Amino acid sequence: MLASEGLPPQKEVVEEVQAAEEGEVDPKAKKKEEEKPRENGLLETDYAKRGFHLDVQVNPDQVVRSAEILDSEGMTMEMVTGVDWLKDGQFEIVYDYSFTGGELFRVVVRCRVDREKPDVPTISEVFGGANWHERETWELFGINFVGHPQLERFLLPDDCDYYPLRKDFKL
Amino acid sequence: MDELIRILSYFVGIAAFLGLNLAYLGWVERKGAGHIQRRIGPKDVGPYGLLQPLADGLKLMSKQLVVPDNADRLLYMSAPVLAMVATVILFVTIPWGENLVPREFDYGLIMIFAVASAAGLSILLGGWASGNKYSLIAGTRAVSQSVAFEIPMLITAITIVMITGTMNLNEIIRSQSGMFWNWNVFALDKSILMPISFLVFFVCSMAEINRAPFDLGEAESELVAGYITEYGGMGFGLFMMAEYGNMMIGASLTTILFLGGWQCPFGLFPGPHWFLLKMYFLIWTIVWIRWTYPRTTLWGLLNLSWKYLIPFSLVNLLVTALFIKVF
Amino acid sequence: MTLLAQSQLQETFELNIGPQHPATHGVLRVKVIMDGEYIVKAEPVLGYIHRMHEKMGENRTWNQFWPNLGRLDYLSAIAYNHGYAGLLERAMGIEVPERAEYIRVITVELNRLQSHLLWFGAFILDLGGFTPLMYAFDEREQILDLLESVTGSRLTYCYFRFGGVYNDVDDDFITGTRAFIKRLRPQIPMYHDLVTKNVILMERLVDIGHISADMCRKYGATGPVLRGSGVNFDIRKNEPYSVYPELDFDVPVYHECDSMARYMVRMDEMEQSMRIIEQALDKMPDGPVKAEKAPKILKPPKGDYHFAVEAARGTFSMRTVSDATNTSYRMRLRSPTYSNLSLFEEASRGMLLSDALAFMGSLDLVIPEMDR
Amino acid sequence: MSGYFSYLLNGIKSLAIGLKITNKEFLTRPITLQYPHESVKMAPRYRGHIELLMDSETGTHTCISCGMCQKGCPSNCITVKSKKVPGVKGKVLTAYILDFTTCSLCGQCVENCKPAAIDFSNEYNLASTRKEDFVFDLLQKLHPEGVPEPKVDPALLKKEQEKIEAAAKAAAEKKEAAAKAATEKEGEGGEKAEGKS
C-alpha cells in the first residue's frame, strides 16, 4: 500500500532520526516493549488494522524538519493533537499527515515531551493550518508551541485556568 | 374657502389611501412571498390574515422606542420621520385621475426627483445616527447607490420631457391618450429605444427605493438589517412604511411616464382605476422580483449603473433627439 | 460621532460579525478589521458552543459516546456515526453484515443530500435570495421524513451501532426513497435555472474567494472546498470504506477555485448521491443488519486507531488511543470545517464585506462541529 | 462589444427564467401543513421519550429492575427504584424515573433491555415552561389510575416464609453459639435468601 510518493520521506526521516539503527521495528517486537515509551524511529503499520501506513516517532527538534520533508512531498497536515501519558510523565504530540494528491497515504508523526516542560517548536510556518490545531492543543493540554504566532485562548473562555484534556483534570 | 376644503379633503384622502396601502402592501408582500415559497403566509389573524397589518401596527406601536447609547438622539429620532414625510409630500404631485390631483405642478417631475432625494438622505441619517457600524456601512452604501442610479433615471426622464415637451405630469399622461400603442413604452415612433428606456427607468426606480435585488442598505445577511438595525417599534415601522410608500411612488412615476397613467389601454373611459391597476401591477412585479433574485453587491450595482444603464440612457437621449429632429 | 472620528484617525475600523449574525449560521464570531468596505483582516473566533466532546469520550464508555456523534455536525450526523462505527470496527476487527453496510451507505447519502440541500438554501440566503431556501427545505423535509421512519430522529441521529445499525429498514422506506429520488431529480435542473444561471448570482460567485489547491493543502481543507480547487480527492474513492468500492459514482471536480466551483461541486454531488442511493437500493442484499459476533463489552486492544469518512463537509476523521478499557484513553475528532475555516483569514484578505460573507457561505460552516 | 451585448441578453434571459419559475410556484398550491390544526402521522419508529410497555398477559410492565438501562445511559437520566416484595419472584419496580431534560434519545436503554420492557413512545407534543414537567415516573404513566399490586404467588410466599423462618432458626441457633458473629451472618443470610428466591 505504500505509495511511491510516500516512500522517499521515510528514508529521509530515518536518516534524520538518530535512532536509525532501530530501523523498521517488527510490530511483534513492539508489543513486548509496550510498557515502556517507544523509542524514536519509524514503524510500518498495518493500515487495515490501524488506519495509517507509517508511524514515526521523532525528537521535538526534528518536528519542524519532518513537517518540511512531508510538505515537500506534497502531504497535507490533517490534524495536530496531544495525548497525556500521565504515567510516563510525558505528553505526546501527534501530527497526522495524509496525501491527497493521489493514492492515499497516511503518516503519523509523534513526538514526546516532558510533562513538566512541554515545549515543542511550531510547524505553523510550514503548514498554515497547523496554527489553529496547535492553538487548540496548547489550550487543552498546555503544550507550549515555541514560536507560534498566536497562542491565545481559542475554544475555551478567556479566564479559564485549567487544561481540560490533561489526565489529572478530573471532571 | 373652497381652496381650504379642497386641501383638507385631499389631505384626508391621501392619508387614508396611503395608510390603507402601506398597511396592505405589507400584507400583499408577505402573502405573495408565502405563495411564491410554497407556503401560505399570514393566515391566522382574520380571514386570509387580513387583519395582520392591524396586529403588526398595534405591536409596533406598543413597543418602546429605544435610543442606543452612542446614537445621536435628535437625528436618530428624526430620520424615520424624514423618510415618511418625504414620501407623503410626493403624493401631492401624483395625478390619480385627470381631475383627481392634489396639486398640479407645472414642474411636477422635478418636484418628485427633488423630494425623492430626501429619502436617500433619511437612510444616510438613520444609518449614521444609530451609532452602529453596520448601519453606518448601510448609510454609505445607500448614498452611493442613489447617486449612481439617479443619473440614468434623470436622463431617461429627460427623454420623456423631450418627447412630451412638458414637466407637468398630467400633461405627460394626456400626451399618451388613445390606444395602448400610444403609451410611451410602446411609442416606437417617438423613439425606437422606448421599451429599453422603460426597462432602464424601472430598474433605476427599483434601485432608488432600495428594493431587492438592490437592497444593499438593508442587506440582512450582511449588515444584519442595515440602517434599521437599531430601530425598533414605530421607528422601524415608519421606515417600513416609507419603503412601501416609495414603492408606490416609483410605480406611479413609471406608470405616468411610460404606461399612460390614467389612460385606458383602448382609449375608453379613462380614470383613476386604470392608474391604480397599472400601479399595482408594477408593485406586484417589484414584489415578485424581490422574492426571486439574490442581492447584488455594491460593485455589481455600480457596474450595472455605469456600464449598462448610463450608456443606454445616453444613447437613448441621443436617439430621441434624433427622432425629434428628423421626424 | 466617535465612530467617524475613530475611522478618520485610524482609517480602519473593527467590526464584529457575530456571534449572532444572520450570515454566520450559528455562534461564530469573526473579528474583522475593515477599510471602508474592504476587509483588511478577518479573524474567526470560535468556542461559543464548545462542549469538550473529546473529554466526554474519555469519560464515557464506547457505547455511551454514540449520542455525541449526532451532536457534532448536526447536518450530516449519520456520516459521523459512520466514522465512529468504522473506527471501533477497525480497532476490534468486527465484520459488518453486507446489508448493514448498504443501509449505512443509503442513510449517509440521504443525509448528505439533505445537508447539501440545506446548504444550498442557506447559501443563497446569504446572498440575499430567500425563496430557494424554502424550496430546498421542502425537499429536505422529505428526506427527514424518510430518515425519521428508519432512525427515529430527524436531526441528531444515533442510528449506527458497532457491527451494524440499530434496526432494519422496511419496504416503505425503500419505496419512499425511490419515489423521493424520482421527485428530486427534476428539481435540481430547476435550481440551476432559478439560481445557478442567474446573472446576479454569477456576478457574486465567479472569481470570488479564490483558494488555490496548494492553500487547501497547507490548511488541510477537504471536501467540496478541496474539490472546488481542482483536487480530485474524496475519501470514498481514495480511501474506500464500507461498500463504496462496489458502487459506481463520480467525484465532481472543478478547477476554478472560486465560490462558484465549490457551489457547483456540491450541486453535482447531490446528483452523485442520488446515483449512489439508487444503486445501493438495487444491490442491497437480505440478511442481518447487525454482526452476530459483535461483543457486548468493548475493549479494543491497546494502540491508536484512525478512521476517516467523507462527511458532507469534508474528511471527518477520528483518532482514538485505546488502553484496552471500556473507555477511550484519548478521543480526537477531526472536523472538516475547522480546517476549512482556518484558511478564511488568509483567503479573505482584501475582499469586499459582502463577498467575504458569500465566501464564508461557500465554505459551508457548521459551528457545533467546529467547536466540538 | 458582442460579448457586452450577449452578456446583457443572457443576463436578462436568466432573470426572466427565474421570474417564470417563481411565478409557476406562486400559482401552485402551497404545501404548508397547518400544524396545530392538522398534524402528520408519526412514524412508528419515531423516538419520543421512552416508556414502559404494557404486557397484555400480565396487565403490567415486564421490567425486572435489572438496572441495565440505568447503567448504559450516557446522560444518567434514568433512575430505577425497586424493592423486594415477599412472595413475588425477583424485584418489584416501584418507580422508573426518567429525566427527559437530559435524555439524548440514543436508544442505549432500549437496546440494553433484556426483557424488552421499554421502548420509545410516539409522543412529541411535549411543552412546558417548567423543567420539572419533564421528569416523569414511567410507572405512573403506565398506570395513571394507580399501580396494581404485584401478584403474590402463595407457593412462593410459603417457600420464602419457610426459608426466612429457617434462616431465623439457624440464626437463633448461631446466636446461641456466638452473639457477635451471629448478628452479622443474619443480615447476609437474609439477603441470600432473597436472592435465591
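We just call them A, B, C and D in the order they show up, numbering each chain from 1.
We take it that contacts are C-beta pairs under 8 Å (C-beta built on N, C-alpha and C of every residue); 3 or more make two chains touch, one makes a residue touch a chain.
Just so we're clear, the structure is a prediction, and the values are computed from it rather than from any experiment.
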What is the chain whose Cα centroid lies farthest from the Cα centroid of subunit C? B
I want to compare two interfaces, B-D and B-C. Which one has more contacting C-beta pairs? B-C
Chain occupying the middle, per Cα centroid: C
Per the C-alpha means, the centres of subunit B and subunit D lie apart by a whole-Å value of 60
If you average the Cα atoms of subunit B and of subunit C to get two centres, how far apart are those centres in Å? 43
Calculate how many whole Å lie between the centre of subunit A and the centre of subunit B, each centre taken as the average of the chain's C-alpha atoms. 63
Which subunit D residues reach two or more other chains? 15, 18, 21-22, 25, 31
Which subunit B residues sit where two or more other chains touch them? 36-39, 291-293
Listed in rising order, subunit A residues that touch 2 or more other chains are none
Among the chains present, which pairs are found to touch? A-C, B-C, B-D, C-D
Subunit B touches which residues of subunit D in the complex? 4, 8, 15, 18-19, 21-23, 25-26, 28, 30-32, 34
Give every residue of subunit C touching subunit D within the complex, in rising order. 60, 63-68, 70-71, 131, 135, 138, 145, 148-153, 156, 158, 161, 166-167, 190, 193-195, 197-200
Subunit D-facing residues of subunit B, complex: 32, 34-40, 43, 288-289, 291-293, 307-308
Hey, which residues of subunit C end up touching subunit B in the complex? 1-4, 13, 15, 21-23, 37, 124-131, 134-135, 138, 194-195, 198, 200-201, 203-204, 352-355, 357
In their shared complex, subunit A is touched by residues of subunit C numbered 45-47, 50, 52, 54-55, 58-59, 87, 90-91, 93, 215, 217-222, 226, 231, 233, 235, 238-239, 302-308, 315, 317, 319, 321, 329-330, 332, 334, 338-339, 342-343, 346, 371-372
